[in-house]
Amino acid sequence: MADQPTAAERFIQGILPENPVYRQLLGLCPTLAVTNGLKAAITMSAAVLFVLFCANVIVSLIRNLLKPHLRIVIFTLTIATFVTFADRFLAAYVYQMSKVLGPYIPLIIVNCLIICRCEVCASKQGVVTAGADAIGQSLGFCLALCSIAAVRELLGTGMLFDIRVLPVVWPDWVIMVLPPGAFLTFGLLLGLVNWYSDRRAAAAGGK
Amino acid sequence: MAKEIQIRESAEAPVIHVAPSPHLSHTAQTTRTMMRDVLIALAPVTGMALYVFQAYALRQLAICVIGCLAAEWIFTGMRGRRATLWDFSAAVTGVILALSLPGTAPWYIGVIASFTAIGIGKVIFGGLGMNIFNPAMVGRAFVMIAFAGAMGAAGYQDASSAVDAISQATPMDAFKQGGAIAPLSALFWGNTNGSLGETSAIACLIGGLYLCIRRTASWEIPAGVIGAVVVLGGIANLLNPESQWTVLHHILGGALLFGAFFIATDPVTSPLTPKGKLIFGTGVGALIMLLRIFSGYPEGVMFAVLIMNSITPLINRWTIPRPLGGK
Amino acid sequence: MGLKFKGFGGSGSFPHGVHPPERKNFSGAAVIEVIPSPGQVLLPLLQNVGAPAKTSVKAKSEVKMGDKIADAGGFVSAPLHAPIAGKVGKTGVCTLTNGRHVPAMPIRAEGEQIEGKELWEKIFGGQWPKNADKYSPKEIVDAIQAAGIVGLGGAAFPTHVKYVPNEEKPIDTVLINGCECEPYLTSDYRMMLEVPDPIICGSLLLAKASGAKDVIIGVEDNKPEAVEVLKKAAAGTGIQIAVLPTKYPQGSEKQLILAVTGREVPLGGLPLDVGVAVSNVSTTAAIAGAVVKGNPLTHRVVSVTGAGVQTPKNLLVPFGISIGELIEACGGLTKDATRMVAGGPMMGFAFSDMNSPVTKGTSGITILTHEDLKKEDETSCVRCGRCVDVCPMNLVPTKIAMASRHRDTELAQQYNIMACFECGSCAYICPANLPLVQLVRTGKAEVIAAGKK
Amino acid sequence: MISYLIDIFLIGIGAALINNFVLYYFVGICPFVGVSRKISTAFGMGCAVIFVIAIAAVISWAITTYVLMPGALLSRTVAGLFVPPETAAGIDLTILSYIVYIFAISSSVQFVEMYVRKFFPPLYKALGVYLPLITTNCAILFACLVIMSKITGVDNPADAWDLGRALTLAVGGGIGFTIAIVIMAGIREELDLCDVPKPFKGVAISLIVAGILSLGFMGFTGVDSGLRKAMMPKPEVVAQVQPEAEAGK
Amino acid sequence: MKPIQQMEPLSPTAFERLRNNNIIQAWLVLILTLCFGSSLAGIQMTLGPKIEENKLNETLEKIPELILGAEGAQKLTESGEKLDVIPRSFVVDKPGKKAVYNVYEAFDKDKKRLGWVVKTGGQGYADRIELLLGVDPEVKTVSGIFVLEQKETPGLGNKITFEEWRGQFKGKNTETPMGVVKGGKAGAGDINAITGATISSRAVTDIVNMAVADLKGPLTANAEGGK
């Protein structure tokens, strides 16, 4: 930890190089569960952004007061509270979406992404860095969710954002919006990302 | 002690230009001849399908075989490997896949099923011999759920067909949805509707017995499947004596015999030891009956095979044979 | 056939196994010939399982045939004797047929040699007693030890070790192994046909030494003449002949015991653990020679056979003679010979060095042609389970091979890799032509290396 | 009584097989792809989860029924000491449920760990290493949430789940998790010997396998309704008694 | 924590003991709990009613369509009028258990009863199906159904939510239970099954039949009693 990454670095890191889903494999439950439509994916990402940002900022603010044996308790308390906020907001303002997401919003509490960022970043760094990190990570999370959701929604229903984009003759691949489709799509995309980054790394090494 | 010396020899000695023992090999059977055997065994079933469904069967077979070969070529090419089309394994997958699809299924179903079967079912695990799941069943399950409408009951009905059989629902489906009973003779000879390969019990039996006699398929698996179906079907009959759908209907109807002889016996995805094979077969049979009687799908062969495939590593683990003199 | 198996507690067979082509016809009818005495022999100091022998004569000393030239290097070891008369040279290194490099002592022939008919008479001639009353068990075992006798079936395990009285594990049955289940090889077969008397005599001596009640000679049913001859020779001695179905590897110790007595030798155990001692027929004959005539082990019968040799023969040869000379004596190799194997084609080692010497464990030289090998390329394992169906040890060879290929010693041990005795049945049957035996060998090496860590 | 038992049975089957926690609801994915390297480890993890999920289910059922749900007995009584009964009856603490559940889970994990360490050292040896990991296993919180929705989300208070149903769901879900993770571990051991393309090694191929597994488990769809139909006596189409019973406002 | 203690090896004074007390050490937790608790209470106060309203609206929104049909509902919104809806709850004693139905009674602006909407549900092919059933005031005919929740097979069973299919129920007589017929040959009192999803079709029909049978008595009795 000799030279701490700056806020901008943290922000950039989260989006692609340290993408929480594809590279760190954090928060897989929502990645699979809420990606049968782009709308749900984006709502979920927004909820994660809210919770992660608030939790990161608060943890960063009180990081000097944290006692080791109470650290996890405080993290959990903070996260659970903000998740409850997010849950109620969604229920109040986008009721249909909150019904679709169902238990996966409260499951953000045990999403390893949040506790991992609090532990790794926020509890060691300043507010600005922690906030930037939260936004970067959430954007990365959003990007990953949307990539999966786009594939699934397009193939599964011929629509994007519930708007028909493929011709009517397109036979809907119903499986894509069902659990097997989630696993298969994510697995294949993950393989693709690995393949691409391997190739990039090889090319960089070759030079 | 004799072994130790040989080991040190092979670990330390320089490699001499000679081959390890044994120096004789049983040349009668190779992987390729095994696959060829499967194709031969499929001939009666294919013939029956061509006789009953005519152009439908021909079209579906062509789509799936070409699809599987193309998929094998493309995917192994993507891995930078030499495509092994001539070991016939992709062709076998294609034929089994085609025979497990309804003849009237649209063309894209065959193509998607073939690519899924070879891509996700086989090449991604490392190719022939490495796959955990039966490729043909992976492909079929994928399209079955993706295009339930075109694969389910609706897939079989086509009143414009010249062949009478095609305009009915399958016997299993007709029974499950409406309680209609098909005559046993029709199930036996195969002039009913259904997936291309499953209708004729006699054709499946002939091909299956050929495979078992050639030891290309192990008899333990079909024996286990049919045994479990007889026992469970018998119990179901006893509990519900009014049911017209008897044990014989269960055995002759649907994809049971086709699955028992051609799908479940896929050596790659079934256990290695005879005991394991028997457990595997019994498990497949039991699951088929569970799914047939209780689940919403009229047929359970595909799911039963996939589920038992997934347990195969565990079965292998549990049935490590006791070595001679071992505990 | 009238050769039905009469039970001795076993079923007459063992589970699994394979039926490779027998191909005994090459040398089966060839009467044993005595090879002309060679100009030089090169005696490897390690010809047995266990510790190597230690030279007991100095270089340039003169030896007569039968003189001891090396002492046993320990209890599980055997002394060596000069097979010819001559002058000992400086100890050098030679390559054995299995590829090992071991120290070897050359003897250059000098002076008068015992040859031909005379040699045959010395080793096999004369009368052989049909009982062992004259000898005490200790005398017998000592004579065996002094004569440097090891198992001549191929394993080369010092014979006296098996028969040293052991009160905790008494031996009740002596099994004489005349199966010769390896394809091609006929040396034991010819021994049984031509010199049944020393075999019977040796068997009785072994029974006496070990205190066993039963002596059973196991012969495969593809050698009916040998059975007849042995039956005649054994008449009145109480020795029984068990005729076993022809199946590979019937001649393997554990399989033979199971087939005849129905007892299973525990994993990692010895036949002794189930009260059985097993010796090969040729070994038995050598024992008789050692006890009755005081002959040390200096010669053995070797089959030189296969389509790759001009005239397949069974030869009585001195140890240390180079294999090239054996092949010369058979008219040399044919044009299409492609592989030389020391031993039978199933378990034997392929070698390329014609100068390799014959050792106590060399039961035959099989020369295969391109025609016989016809191996296809390795393809993917489709887990057909044929190797499981044939494994006489009831193992899962393909799994063991996979584990070995991925250096997963833990998995290999779960599948009992160490129980494999590399009979080659699995690799013989494998439709994908996987080098299963090879993989098992490397796997075993890994397991041992991991165990040492 | 019989119908209650059937209900319990079907809830268990449903949670374990038909709507498998891992393969249908995607909870507990992290250990599913992460921990499942060896069969024995996977089985140990599964047992620990069943253990904790059962305790957490009992706690969360009790808290939800008596404290959190609108007009819950305990809250109403306590609040009744300070405010008028009408206000007390309308008390609704469901907003606290997530916080309460997560603390209930972590404290029950702590408690189980202490208890097992003290009284069953061999069990602790076998399960102990997995216990801390379980706190963040979403399967457990998910079970609590399902139980909550079955208590607070129903139209009729009479349909609210009792302890038996809640416990069955939790244990069924735990068993389902164990089944999935053990199968996965078996396959992973096999995959180690396979020639999987490099980009897919590890998690990607596990996900593909999970996808095919979930395809296979799709076959169980409808088994519960089939079983219910088979076990129940013929459904009554016409209710026999129609008293003029009316409740509500 | 430990390093700090090592740095201060002073004798434990009263202050020190107080400092090391667990409760005091947890001051941060306590303060956070207080802050979070009060903000949660605020959220509950402000958003709680709105959420309840959302939940209720989900059902209420459908009532005009179920009672009046799509066109009727359209007209109603155009005219800016609203139906008066009274939620009620009926308990029906059945062998083995009591069934509770939430029923919405709909009146027009003249206090004339237009019909009832029943919230009911039952086992479908995959999971429970929740639906709203509209009937006329005398419970003689079905005025419409709407599927609130279902997890039927996408592509097959989920067609029960399609207007083309559930529209069939409109106007069906409730005298005799409705049957399910395959192949599009439904008679007057029957429902056409969805191809390949007969079970889902039958499940919905059964739920409707059951609700009608259970509530026919209580509702008509109530209607008469209400006069």
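In this document, chain identifiers A, B, C, D and E correspond to the written order of the chains, with residue numbering beginning at 1 in each.
Heads up, the rule we're going with is that a contact is a pair of C-beta atoms (placed from the backbone, for glycine too) under 8 Å apart; a residue touches a chain by one contact, two chains touch by 3 or more.
Quantities reported herein were computed from a predicted structural model and do not represent experimental measurements.
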Could you name all chains that are in contact with chain A and with chain C at the same time? B, D
By mean Cα position, the chain sitting nearest the middle: B
Determine, using the mean of C-alpha atoms as each chain's centre, which chain is farthest from chain A. C
Let me have the rounded angstrom distance from the C-alpha centre of chain A over to the C-alpha centre of chain E, please. 31
Inter-centroid spacing, chain D versus chain A (mean Cα positions, whole Å): 24
Would you kindly tell me how far, in whole Å, the mean C-alpha position of chain E lies from that of chain B? 45
In angstrom, rounded to a whole number, how far apart do the mean CA points of chain C and chain D lie? 65
Taking each residue of chain B in turn, which ones touch at least two of the other chains? 120, 124, 127, 130, 142, 145-148, 296
Among the residues of chain E, which ones contact at least 2 other chains? 36, 40, 43-44, 48, 125-126, 153-155, 199
Give the residues of chain D that touch two or more other chains, as numbers and ranges in rising order. 95-96, 99, 189, 197, 200, 205, 208, 211-212, 215, 218, 221-222, 225
Chain pairs that touch, as defined at the top of this document: A-B, A-D, A-E, B-C, B-D, B-E, C-D, D-E
Quick one: which bits of chain E touch chain B in the complex? Just the residue numbers, please. 125-126, 153-156, 182, 193, 195-196, 198-199
Complex contact set, residues of chain C against chain D: 402-403, 405-406, 408, 411
How about chain E: which of its residues touch chain D in the complex? 36, 40-41, 43-44, 48, 86-100, 102, 119, 123-127, 153, 177, 199, 203, 206, 209-210, 213-214, 216-218, 221-222, 225
Show which residues of chain B lie in contact with chain D when the two form their complex. 79, 120-121, 123-127, 130, 132-133, 138, 141-142, 145, 287, 290-291, 293-297, 300, 302-304, 306-307, 309-314, 317
Partner chain A, residues of chain E touching it in the complex: 1, 25-26, 28-29, 32-33, 36, 39-40, 43-44, 47-48, 50-51, 54-55, 58, 153-155
